[in-house]
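By letter and in written order, the chains are A, B, C, D and E; residue numbering begins at 1 in each of them.
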């Protein structure tokens, strides 16, 4: 009775209206439709579904129609809402609304305005589908759908080859992940005979560990694709080719966290596959460190935040991997706040600098864009884990859990936290402090952009107090008991953050020559990191190039044209060769034909006679 | 009487048949062939095939062979040239003929089932009435088909033989 | 044994009469044409030239047979005999009267007979087909003669002949097929027998009048084709004196030459006999005996005898005084024989047959005296474009009518 | 005289009548054939409404003896398997006629008549229940396609047509031999009788016989599918064929092969089919990956789509030889999906070709600027082909892979690579053709997105009127809209609500699968036990 | 065939059917020999006719043997076909001669390879 279908359908209607009629609509109408639909959806979630639900162990479940049925296998278009979903719904619709509002300002001067909002609305539709799904297949619909929208939005500036290439890369890499996810689904069907969450999770504890491990690992592949984990993270930095609101919404706040959501959703399976859990944690940790190191060297402001996103997602996976699902979700939420803010702020900065993204051409913007400066400071504090900010709580929860799991993970996490604080604040200093190094005169963004920033700034700072996710989710993911070292651990992580901030202050405000010197000193290592460890190039050389060259040279030209067609044509030419010999009999001389005929009939007569044909 | 007639006309048939092959001039061959056909017609008569015997005379001897002679005369064909190029016919021809004859002879000798005998007048099923009846009832379709065949042959012959109109 | 004797007797009789008749046929032709053209015709040898044929025969037999160089000897010599042979064969199966019963003779205690025989040499079931077959073979004689003469005129004559024969055989066969349909037999005797009787007691039951399909057109077509088959004017292209000198027999002389003529006349007699049997009722009288058809023959012969007697009494030439009365006696004798009741059943059919035959032969001669020769393309065109379709149409209509009537 | 007879008769009559139209009345012949095909389609809708979903087995049956001796029946009917394939044929023929509206100017009447003849043959193939009749229709289909390629094709059309013809003939000759062998055993060509005799054991085939017969049928169908490595005729035929020919070829004709597998190979020779399934599935998987890899490097759009067909059809074969409900359902459904989506791809490539007269990908670029709606439709089709959920292909591919996974997870794993690769080749092509700028020069960074509004669809031509390099390109015309809208609607419908189609197919497949188990012959063949506890696996 | 039986047959004034067949075979072989050995195209053609005739003879013999008229009909059809064949064949010969001025079959061999 809560009409759950309204939640995704409202943005979808927005998509249809803007997509089909958008070209002829005035901008105001487009804005109204785009923002209105998402806002309506948010309000429906927040005001109707949320409060009036009976939140017990039960969850809302709605079955709309059977989508695929074959034999005894049925998959329905089912939605379900529980607390986890509720949190995700709030994040997606809430932040989505803010970013939509922001985008009306940011995209004001861009072409394809209606198209942009149509895509955004479509994204909302799929994302909500993903979140609302009551079975894996519907989740997969959303999963692929958001990938589609990601592709469309990354390639929004389709005149730029780099943009469309990045879009392709995103989609294809995601496909690799989806492949894993799909395989996981197949195993689930084989094992459980259904894809609905309820029966699967009910039966999961009784299933063999090997199967569960396989399922979990395959899911991890899917999640790694979507959430940009090693080894499938490569698409995310490139995805920054899309407009900045897209980066904020899709590539920071919502879509990329779908992997975390899925793992949390499948917690039962993961919990019964400890080996898989370890792998999740390791991958998360590795990604966190790895991306952080790259983030330190980048100069493109969006790339910095992109690697930061990768790194933070690694944190979340660390949380999931060590069993702290609720901490992961918490960090997911806080990260949504501050990273969206960071991106939107970066967008505001880019807006201020007339599209410039290189931080070396910025500087001193605190004069020209004070509000932006303030909100970005808030976000930066949050991500650095400054005590009291939202990031502080969630990150601390994860690190604590990691310490319980394995202390060395904690220490790596702390170092990463320090690095995070360092590169985020490095970006902050480079952008707002010092002298303006760019061209033109920077300006502050309009109010329509700043307002959402402020809302997000408040959430970044206060989100930790406002939403205590582990508490909310304690039905699903039981709280861990307090451990004695907790306060000490908290202090260490805070200290790491502060050290990072201080170092960046020293290197980019006080002693500006130092970074160059260090870079020179490190030499090759620096260049390696600066080139993102040349992973893209390695992938190109190891996978893409051989595949294309091999397909072209070996499969197409050799196997297809050479061997198969060659064999077929060879049969033909052999037949012709035989014919060339046999045609000597075909001398054109009728008498010789007659001779052959007679000789042949003699043979036939003899054969028939011997075989008893003549009687 | 029958064996006598048979032997007589069989002898004529074989002799003239050999003559067909041996004669150098096509006219001689053609006339020998006419003789073969005539003697075969007699042999048909001996077997009670009156209608076919007459048809043999009218169609074969009276029409087809006249056509042959007509063409030979029209082309003023002379005796045969002796130069030939068919190596296959040269090498395999005679053995093939002997082989054919041998095979036929052998299998007729060994494999021939018990057959009856022919005496003039002991079967009268080959008259015009019987043949005609069968032709227009049971064998109507082949009959009609052959009529079409003849028509086609006529048209074809005219097309082939007419002088080029240009 | 009896069979052989009787056949031998018949053979001898027929051969003698036929050969004589052939010789005299030429005399008749010359005479008739002469009179048509208001000439005298042969008149020197014998009365009215009646001995002219004899003289011709003697002349031809005694003449030297010239064998030109460069001819193919075997075929050159064989051709005329072949032609005559083929022409004479047909006669053997022509019936010219009804049955003949010779009463039994008691000789020295032994009784011979009675003998019953047909008035023909052989009765063949497929007589019509045999006639066609043999007549189609007749072309070989001419073609061979033309070819073996090694003469361009002769060759052309031979070519024309063979083409003409094949072409006209088709309408002829189709024309014959029509009365065969009404008669329902291939035997000449049976065909003649089916034409017995009279409609309304007056109109004879002949094929050309016969219900349901009178074969008058068939008859005309047959006669036209017969002219062509026998190479008679207006279809005598193979010999066409004006163009080909004498056509296929240009190189021939003496008896070989005569042989071709014999063949031609024999063929004429044959086709006329066939026409008589197929279309004109064979030996059936023109009107019923009840109306006195039996009296025609004696009266006619008696009339002839009377005329002879009269001219013998008033001779134009000295010999007439002796010869004509002799003829008159012969005629009167014949008339008496015809009127003699026991011989009437035997002789009347023969009379009627001969009457019709002679009429047709007269027609041949008459037309020869009247019409010019066709051009070659006209000849072929006439056969293929006119006669053939008409004959076919006639056959179709006849078949349709016969099917309706039965 | 059932509705089915009428539906078969209409195109045949239409074909004959179309040939009677005077040569100079090309426009009339178009209208006429379009009308005929539309009437056929509307009539075939009656099949859907009149189809009794509850009953299994054939419906709309006409069965009488066509030739007494040998006993050949005119036995037609449809079941759940053939219903949608017939619909596919009748649905696509009007579209095929519409897309050739302007393109075919030379010998127009014959072209359209051949399309109708093709439709006739296709409907016949899918409804024939007599082996000989099936063979007749099978060959009837061959003829118009041969001429469509050979007369109206591109430069190497003769080569392609002959290749197409020879390949198919090789297979069909083997099939004919097998059919005749069956006739000698059964004494009739009637499929129902033959099948009944086979299943009841009245025709006792030895193991070798069964295997050989299976292979003969299989080879004929595999060539038509086409299954790797018998696929090389397909790219050539597609590249050289006119658009309508490609559409019909890819969408419907290839289904003849897969239909034959399901209809004939499985029920008649279940033992042999099960025995041979492993290597056939392996070939199918190789085909999936191989087709995708080769498609990736094609410089020619049509060839790319053709190789993608090889890949997609591999899924179908894989599903069929998974021997379980899901695989078979997916396979049949995938036939329909592939018919719609690949048909649409060929239609759209045809539109591009009509605009620029090139099939080479490198000759394009920036089409999205000039013809946005065309690009959007193409994109939807692209994603349908890739297998995006909510569009049609996903349902089929999912079921096929699931079925394969039930049989062996490694099959699904390898086949799944094809799904990844399909995204690669389709998106790369899409990028190179539609994205970028018209003349290949990258737009300045600060002008991004600007062109989109400057070149709206309706004014696309005018806006670029100054362009002397022929870089303008009209957007979809109403006729073209009429072609693509039904296809897009079907993609979404089939992707979103497969229940309109699947239950009928499912029921029939269940029957077929069931019969493969009951057969006495298959009892001596060990049935591979299905892994896991899935209730639907059997 | 048993000689005694043959003698018995002959004594009754009958001819063994086998003799007809033997004659047919002999004629056929003669025809074949002519076909192979002769070079004149018209003669070759005539040899074909000879072969057809030989076959006809055996048809007639079998018709008599089985007392069925069917053999006659086959013969009849063979004749008709032979007539058609002669018409067309001779027309072809005419055309060939017109174009090549030869009747030697060995020189007419351009239809090869």
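The rule is short, and it goes like this: a contact is a pair of C-beta atoms (placed from the backbone, for glycine too) under 8 Å apart; a residue touches a chain by one contact, two chains touch by 3 or more.
Keep in mind it's a predicted model, so treat the numbers as computed, not measured.
Q: Using direct touches as single steps, what is the fewest number of steps from chain A over to chain C?
A: Minimum step count, chain A to chain C: 2.
Q: I'd like to know which chains remain joined to each other by touching when chain B is not counted.
A: A, D, E | C
Q: Going only through chains that touch each other, what is the minimum step count from chain C to chain E?
A: Counted as steps through touching chains, the separation is 2.
Q: Going by the average position of its CA atoms, which chain sits the greatest distance from chain A?
A: Between chain A and every other chain, the largest centroid distance is to C.
Q: If every chain is reduced to the average of its C-alpha atoms, which one ends up farthest from chain D?
A: C
Q: With respect to inter-chain C-beta contacts, which pair, A-D or A-E, contains the greater number?
A: More C-beta contacts join the chains of A-D.
Q: Taking every chain's C-alpha mean, which one sits closest to the mean of all protein C-alpha atoms?
A: Of the chains present, the most centrally placed is D.
Q: Once you find the CA centre of chain B and the CA centre of chain C, what distance in Å lies between them?
A: Whole-Å distance between the two chain centres: 32.
Q: Determine the centre-to-centre distance between chain C and chain D, using the mean Cα coordinates as centres, and give it in whole Å.
A: 83
Q: Using Cα averages as centroids, what's the distance between chain A and chain B in whole Å?
A: 93
Q: Roughly how far is chain D from chain E, going centre to centre by Cα mean, in whole Å?
A: The answer is 58 Å.
Q: Scan chain B for residues touching two or more other chains and write them down.
A: 51, 55, 63, 67, 74, 84-86, 89, 93, 96-97, 100, 104
Q: Scan chain A for residues touching two or more other chains and write them down.
A: 587, 589, 591, 594-595, 598
Q: By residue number and range, which residues of chain D touch two or more other chains?
A: Residues of chain D never touch two or more of the other chains.
Q: Dump the list of chain pairs that touch, please.
A: Taking the chains two at a time, the touching pairs are A-B, A-D, A-E, B-C, B-E.
Q: How about chain C: which of its residues touch chain B in the complex?
A: Chain C reaches chain B through residues 75, 125-126, 129-130, 132-134, 136-137, 139-140, 143-144, 146-147, 155, 158-159, 162-163, 165-166, 169, 173, 186.
Q: Can you list the chain B residues touching chain E in their complex?
A: 1-3, 6, 10, 13-14, 17-18, 20-21, 26, 29-30, 33, 36-37, 40, 43-44, 46-49, 51-52, 55-56, 59-60, 63-64, 67-68, 71-72, 74-75, 77, 80-86, 89, 93-94, 96-97, 100-101, 104-105, 108, 112, 115-119, 122-123, 125-126, 130-131, 134-135, 139, 142-143, 146, 149-150, 152-154, 156-158, 160-161
Q: Name, in rising order, each residue of chain B that touches chain C in their complex.
A: 27, 31, 34, 41, 50-51, 54-55, 57-58, 61-63, 66-67, 69-70, 73-74, 76, 127-128
Q: In their shared complex, at which residues does chain A touch chain E?
A: Touch list, chain A to chain E: 583, 586-591, 594-595, 598.
Q: In the complex formed with chain B, which residues of chain A make contact?
A: 585, 587, 589, 591-592, 594-596, 598-599, 601-602, 605-606, 609, 614-615
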